[in-house]
Amino acid sequence: MKLAFGSPALDAASRLMTPFMLMFGAYVVVHGHDSPGGGFQGGVIIAACIILVRLVRGRAGGWMLAPERALAFACAGLGIFIGVGLLGPIFGGNFLDYSALPLLLEAPKARAAGSMAIEIGVAVTVTGVLSLIFDALVEARDDG
Amino acid sequence: MTDDMEGLWSVGTAQYFLTTVLLMVGLYGIVARQHLLRKLMAMNILQVAVIVFFIALSAKSGATVPVVIEDGLEINVASYVNPLPHALMLTAIVVSVSTTGVALALLIRIRRRYGTLSETMLLAKLRE
Amino acid sequence: MFRLSLVPLVVLGALLMTAAGGLPPVGDPESPAATHVSPRYISRGPEETGATNLVTGVLADYRSYDTLGETAVICAAGLACWLILGARWREDGGAQ
Amino acid sequence: MIPTLDPLAVVFLTLMIICAISVLAVRDLLTSVTIFGTFSFFSATYFAILGAVDVAFTEAAVGAAITAVFFVTAIFRTDRGAD
Amino acid sequence: MSAHLPVLVVMVPLLAAVVVPLLGRRSPGAAHAVTLTALGFALAASGLLLSAVVTGGVWRYELAGWAPPWGIEYVLDPLSAGMMVLVSFLALATSIYAWSYLSASDPQRIGIFDSLYLLLVTGLLGIVATGDLFNLYVFLEISAIAAYALLSTGGERATVATFRYLLIGTVAASCYLLGVGFLYALTGTLNMADLTARLADVGESPAKAAGVSLIVIGLAIKAALFPFHGWQPDVYTYAPPPVTGFVAAVMTKVSAYAIFRVLYFTLGGEPAAGSALVFLGWAGVIAIVAGSWLALSQTDIRRMLAYSSVSQMGYIFFGFSLGSPIALVGALFHVLNHAVVKGCLFLVAGGVGWRTGVSSVAGFVGMGRRLPLSMLAFAVAAVSLVGLPPTAGFFSKWYLLLGAFEAEAWIGVGAVVVSTGLSAVYFFRIFERAFVVADDRLSSAQSNDLPVGMLGPALVLAAIVLLLGLFQQPLITHVLQRALPVAVS
C-alpha cells in the first residue's frame, strides 16, 4: 500500500518545513546541556521529519532512509555510546567515566564533552530505529 | 501540619487518586477490550499513568524547572524540582514507544495471517 | 466473565488509593525524594557535570548507564521489527 | 509560607482520564487514535505544569506525534474495524 | 582491564550485538563466530568473577565513576556471580544449538537473530549484576523486548502467543516500576543497599506494603509463578526450539533471582517482605501440584514441559518462603538444576520436532531407537526433574524437603511428594513409548540422530546434571552457602 498523501500544498509545505525541522532537531541534540532537550528528543524530531516527508511524498521523496541503512544507523549509535563508555576503562577510569578522558580539559568540561558524544549516539540510534519501525509498518506486504 | 500545608495536601493527594484512576482505566482496557489495537492503546495509557506517578513525585511547591539560570551563585536546592524522576521517566517513555513499535509489528503479522484483530474471533480461529 | 474480572481490578484500585494516601503529598518540599539523593544533583550538578540542564546532567552523566540501557532498548526494538516483519519486506527490496 | 501547587494540574489530570476513557469507549479506531493523541498532549501539559519540561517535550514528540503516526499506519495496514 | 570485569561481562555481548547484524548480511558464519566468542568471553569472565568473589568477598563497581546512591553500582557476590555463570553458560550452549537449527532453515536472518539473542543475554546479565532498582527495570525491558522478537519467530501461532506475552509482560514491568516508585517516594533512593538502610527508618505504612507487593507481583508474573503463569505455556509451545531452550531455562529463573535479591537482601527483615514470602510460599505450593497435574493432561510434549516448569518454579518459591539456610540452599540448587534440566529437555524436544516432525507425546514411540543419544540426554534430564539419585534434582529436592521438615510445613511436604509422583508418571509415559514399546514399522528404522551441533549442547547439559549431582557437596559449601544473605546464614 502506498501511504503518500501527495498534494501540491502539502508537498510545498513539507519542502519548506524539513530544513527547519532538521536544524531544530540538531539544535535540540546539541543544546541539551543548557535547555530542555537532548539526544532522544532531537532524534525523535529528526525521525519525525523523515516520517513527514515519507508520508507526504512516499518513497519518491528520496528521503527514505533505506531499512538497511537505518539499521546500520541504529547499531552505529549504540556502538558510539559503548565506545565512549569503553574509553573510560582504557584511560584508567571506570566505565562511562568521561573525566578520565585525556581531553586536556578540567573535569566538568570533559564530562560535558563525553555527555555530548553519547547524546549524539542516542540521537543517531533513535533516528534510525524510528524511521525503521515506520518503514517496517508501511512496507509490510499485505499477502498471506 | 500547618494551614497552608492543608491546601497542599488536598491538591497533593488528589493527584495520586486521579493517577490511580488512570492506572485502573488502562488496566481495565487491557483486560476487557476486544480489539487488540485498543488493548495496545490501553497499555500505553497504563504506562503514561506510571510516568504521571513518578513526575508527581518530583514536584516541589515553589520550585521551578530544573534548568539552572543563576550563574556562579550558590544553588538553592529548594528552588528547583527534583530532576531524578524526570531522567528516569525519559527512559520509561522510550521503553513504552519501543514496546509499542514491536507490538504493532506483531499485530500486522497477526492480521495478515488470521484476517482479524478481534480477540474473540482470533481465539475462535486458533481453536480450529 | 469480564464483569468478574472487574472485581479484582476495583479491589486493587482501592488498595492502591489507600496506599497512595500514605505517601508524602505531591509537591511536599520535605519529602524523602526531595531531601535524600536529589539535592546533590541540584546543588552540585552544574559544577560536576557541566550541564545547566539538571535532567541532562542526571541522564547523561550520573545515571548514564541507564541511558545506555535505554539506547539498547530502542536498538532492540528496531532489530525486533526487522526480524518480525523484515523477511517478507526485503524480498521485493526497493521495488514498488 | 509554601505556595500551593497549581490546581491546574488536577484539571489536566481529569482531562487525561476523560480522554483515556474515550479512547477505550469510542467505536472507530481512527477516532480513538486521535483522542489518544489528545491524551498525550494533555499529559505533556500536565508534566509541564509540574515543572518537568524535558518529559513534557518528549511526551509531546513521542506520544502525540510518533506513537500516533505508528498507530495510524498500523490501522491503515490492518482495519478500522469497530470493537 | 581485569578491574573492569563486572561491566565487561555485560558490555562485551552488547558490543557484539551491535556488530553482528551488520556482519550477518555478508557472512552469517562470521556473525555467529562473533556471537559465540562474545558469549564465551562472558562465560569465562563470569567464571573468573565467581572465583574472585568466592575468595575475596563482595565486589562493587561504580559505573560512570559516581559513588552510589548518586550513581549506579554493580554488586557482585557469590549469588549474582553464580547466576551470571549459569546465564552465560546456557546462552553459549543454546547458541551453538541455534546455529545448526538456523543455518538449515533460515540463514538470511542469522545476524539479526544472533544480535537479539545477545541483547537478551545482556539484559539478563544486567538484571543479575545490578545494585539499582531502576537499572534493573531497564535491563528487564531489554531482555523482554529481545525475547518478544525471538519468541515470535516460531510461526503464526507464536505471534499471537507473543503478543499476549507482550501485554502481560508490560503490565508486569509497569507493576514493578510502580512499586519502585512507591519505595522511591518513601526513601528517596533507588540504590538497593541504600534503600535497605533508609527503609528501616520508615515506619510501617500501607504505602510500603504496596510498594513491596507491586514489585513482587511484577516479578512473579515475569517468573510465571502459579496464578500468573497464563502467558507461559503458549509461548513455550510455539517458539523456535533454541529460543525456548534458553528462555524457559533462564528467563524465569532470573526473575526468581530478582525476587530473592529484593526480598532477602534489599528488604531483609521488613515485615512486608515477610508477608510477601508467605504469599509466594502458598502460591508455590499450589503451583507445585497444579503444574504437575496440568502437565499430566497435556498431549503436546512442549506444552507438557511448560506446565512442568510452572510446577518447578513452585518448588523454588516454596524454598524461598521457608527461609531457613537449608531450604534456601535447596531452592538455589533447584534454580541451578532446573535451568540446566529444562534447557536440555526443551532442546531435545525441539530437536525431535525438527528432525521427525513429532510434537505429541504419543508420537514418541520408538524414538529411543531413532534418536538414541538425544533420548539419552532427555532421559537423564527427566530423571533429574523427577528427582531420582544420583542426579542434581534428587539433592535439590532433598534439601527442600529437609527444610520443609525443619519448618514443619507438612502441606508443602505433601505437595512435593504428590508432584514427584505425578512428574514420574508423565515422564515414564514418554520413556515407555520411547524405549519400551516396540513398533514393528519402526523396528527397521535407522538411527538418525541430531547433528552434532544440536546433540552436543544437549549431551553437555545432561552431563552437567550428573556432575552437579556428584559434586553437590563442594558446590554447596563453596558457593551456595556463601550466596545466602548474611542474616540467614
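First chain written, first letter: the chains are A, B, C, D and E, and each begins at residue 1.
Convention: a contact is a pair of C-beta atoms (placed from the backbone, for glycine too) under 8 Å apart; a residue touches a chain by one contact, two chains touch by 3 or more.
Because the structure is predicted, anything quoted here is derived from the model rather than measured.
The set of chains touching chain B and also touching chain E is given as A, C.
Between chain A and chain E, the least number of touch steps comes to 1. The interface with the greater number of C-beta contacts, when A-D is set against B-C, is B-C. Once the centre of each chain is set as its mean CA position, chain D and chain E turn out to be 38 Å apart. Per-chain CA centroids place chain B at a distance of 10 Å from chain D. A separation of 19 Å divides the Cα centre of chain A from that of chain C.
Measuring from the averaged C-alpha position of chain C to that of chain E gives a distance of 25 Å. Annotation for chain E: residues 14, 18, 21, 63-64, 134, 138, 141, 145, 148-149, 152, 159, 184-185, 190 touch two or more other chains. In chain D, the residues that reach two or more other chains under the touch definition are 2, 4-5, 9, 53-54, 58, 62, 66, 70, 73-74, 77.
Contact of a single residue of chain B with at least two other chains is seen at positions 8, 11-12, 15, 19, 21, 23, 27-28, 40, 56-63, 65-67, 84-86, 88, 90-91, 94-95, 97-99, 101-102, 104-109, 113.
Residues 68, 71-72, 75-76, 78-79, 82, 85-86, 88-89, 93-100 of chain A are the ones that touch chain E when the two sit in their complex. Within the complex, the chain D residues that touch chain B are 1-7, 9-10, 13-14, 16-17, 20-21, 23-24, 29, 32-33, 36, 39-40, 43, 46-47, 50-55, 58-59, 62-63, 66-67, 70-71, 73-75, 77-79, 81, 83.
Across the complex, chain C meets chain B through its residues 2, 5-6, 9-10, 12-13, 16-17, 20-21, 23, 25-29, 31, 33-34, 37-39, 41-46, 52-55, 57-59, 63, 66-67, 69-70, 73-74, 76-77, 80-81, 84-85. By the touch criterion given at the top, residues 8-9, 11-13, 15-17, 19-21, 23-24, 27-28, 31-32, 56-63, 66-69, 74-75, 77-78, 80, 82-88, 90-91, 94-95, 97-99, 101-102, 105-106, 108-109 of chain B touch chain C in their complex.
If you check the complex, the residues on chain A that touch chain C are 2, 32-40, 59, 66-67, 70-71, 74-75, 77-78, 81-82, 85, 95-96, 98, 107-109, 111-112, 114-115, 118-119, 121-122, 125-126, 128-129, 132-133, 136-137, 139-141, 143-144.
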